[in-house]
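Labels for the chains are A, B, C and D, by order of writing; each one numbers its residues from 1.
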Amino acid sequence: MKRIAIQSDDFDVAGELAALEALGGGGVASFTGIVRGEGGLVALELEHYPAMTQAQVERIVEEALARWPLLGVSIIHRFGRLEPGARIVFVGAASRHRTAALESCAYLIDWLKSHAPFWKKEHFADGATQWVEARAEDEAKAKEWGEERGRE
Amino acid sequence: MKRIAIQSDDFDVAGELAALEALGGGGVASFTGIVRGEGGLVALELEHYPAMTQAQVERIVEEALARWPLLGVSIIHRFGRLEPGARIVFVGAASRHRTAALESCAYLIDWLKSHAPFWKKEHFADGATQWVEARAEDEAKAKEWGEERGRE
Amino acid sequence: MAPLIIIYFAWVREGVGRDEEQVERPGPDTTVADLVASLAARGGGYAEALGDSARLRAALDQRFVPLDTAIGDAREVALFPPVTGG
Amino acid sequence: MAPLIIIYFAWVREGVGRDEEQVERPGPDTTVADLVASLAARGGGYAEALGDSARLRAALDQRFVPLDTAIGDAREVALFPPVTGG
């Protein structure tokens, strides 16, 4: 199973997990990223590169499927205006092996952070806005997994 | 938030995740273990040591909270007779840091495998039964995290 | 002095044919391994289930302990195979 | 020959004041960095957004590329800051 969705709407985590659980693998891992409402943040605005996003996320899912014995992967990434507490991203993986399920989730989210064409803008209560800067730490984390085919 | 449940009933993964998502941490990771119906398995029977289980799981949750900056941990472990496809165990963690959330889930499930007082008996279609043997690999995985206080 | 409670799990429980029993409390220096040996000496299912201590694990008052631990004033000894939860 | 489509994202888009534009296709050996320099030379928001190429990343036909990559026969060049998804 391979499911990729790039959408503005919220999603149903339980439904995603149920689909992964039904694959008979024995283990399902997931990571969900949520908007933090710190420092007076009232919204996060996510812009992306529609013509590229789906294909780019598919590439990395293929990498994960080649690296780990996975029965299924599910990725949902939202765009648009998201308020504190809103889900931004979901990554789920099913495998016979718990380590494969958990590691591939870590890999997928690390990769999405530094190699999926999304940009975040913060909107604050006082009207100020600011584009989130890429963190060297995120880039380093993605590099730790080694280079992927077709990444650049 | 710290939630530990040792129960025979199934559980609501969505509800557990929602509680972790509501902590404002920005990241929630989870692992769910499911009964695999391989080799003619018709049921898995989980026995545990009731007087010990809760306290033992609490110890390891405390270890995880000391190791990682977590806002919440949720562990549910079932006992009794479970059929293929049934959930056995859920581990969830919320943190500001995605790595902390994912790593602590891996730690918690590795530890539950090798240091929580549960025993699994397999029941097969032909009436045969067999106690699952502990795997040296699971013990090694738990050891990789280093020794915990109060583990032995 | 209170008797010692011994509880069994998994195939150890099935081998000895009971969940739990009480025995006269041994001296405080007696180790879990000593207790296991004396139980195995009963023969039958006990010998089968408890004869090979390398296959056994133990807890004293709900804490895992190595088999060479002295029972001391523990109230409850549990004997079982390596755990397989998760 | 078809013109080259340039698309902008995030603060690059805000700086140049548009999502997308078409330019006359440069020679195939022209690199993304060369294109960026020629756009920055327009001054104003372009100079501000595209003046420091170290802050920029690029894609050619929806694949990330280093800025020293030749544009070749690519249909679409995208210019943007380092990504911040996930």
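The rule is simple: a contact is a pair of C-beta atoms (placed from the backbone, for glycine too) under 8 Å apart; a residue touches a chain by one contact, two chains touch by 3 or more.
The model shown is predicted, which means the values in this text are computed figures rather than measured ones.
The fewest steps needed to get from subunit B to subunit D, moving only between touching chains, is 2.
Centroids built from CA atoms put subunit C at 26 Å from subunit B. The geometric centre of subunit A is 49 Å away from that of subunit C, both derived from CA atoms. Multi-chain contact residues, meaning those touching two or more other chains, occur in subunit B at positions 33, 98, 109-110. Annotation for subunit D: residues 86 touch two or more other chains.
The list of touching chain pairs reads A-B, A-D, B-C. Of all residues in subunit A, only 33, 46-49, 51-52, 55-56, 77, 88-89, 109-110, 112-121, 131-134, 138-139, 150-152 touch subunit D in the complex they form. By the touch criterion given at the top, residues 7, 9-11, 13, 59, 62-66, 76, 78, 80-86 of subunit C touch subunit B in their complex.
Residues 12-14, 17, 21-22, 24-37, 84-85, 87, 96, 98-99, 101-103, 105-106, 109-110, 141 of subunit A are the ones touching subunit B in the complex.
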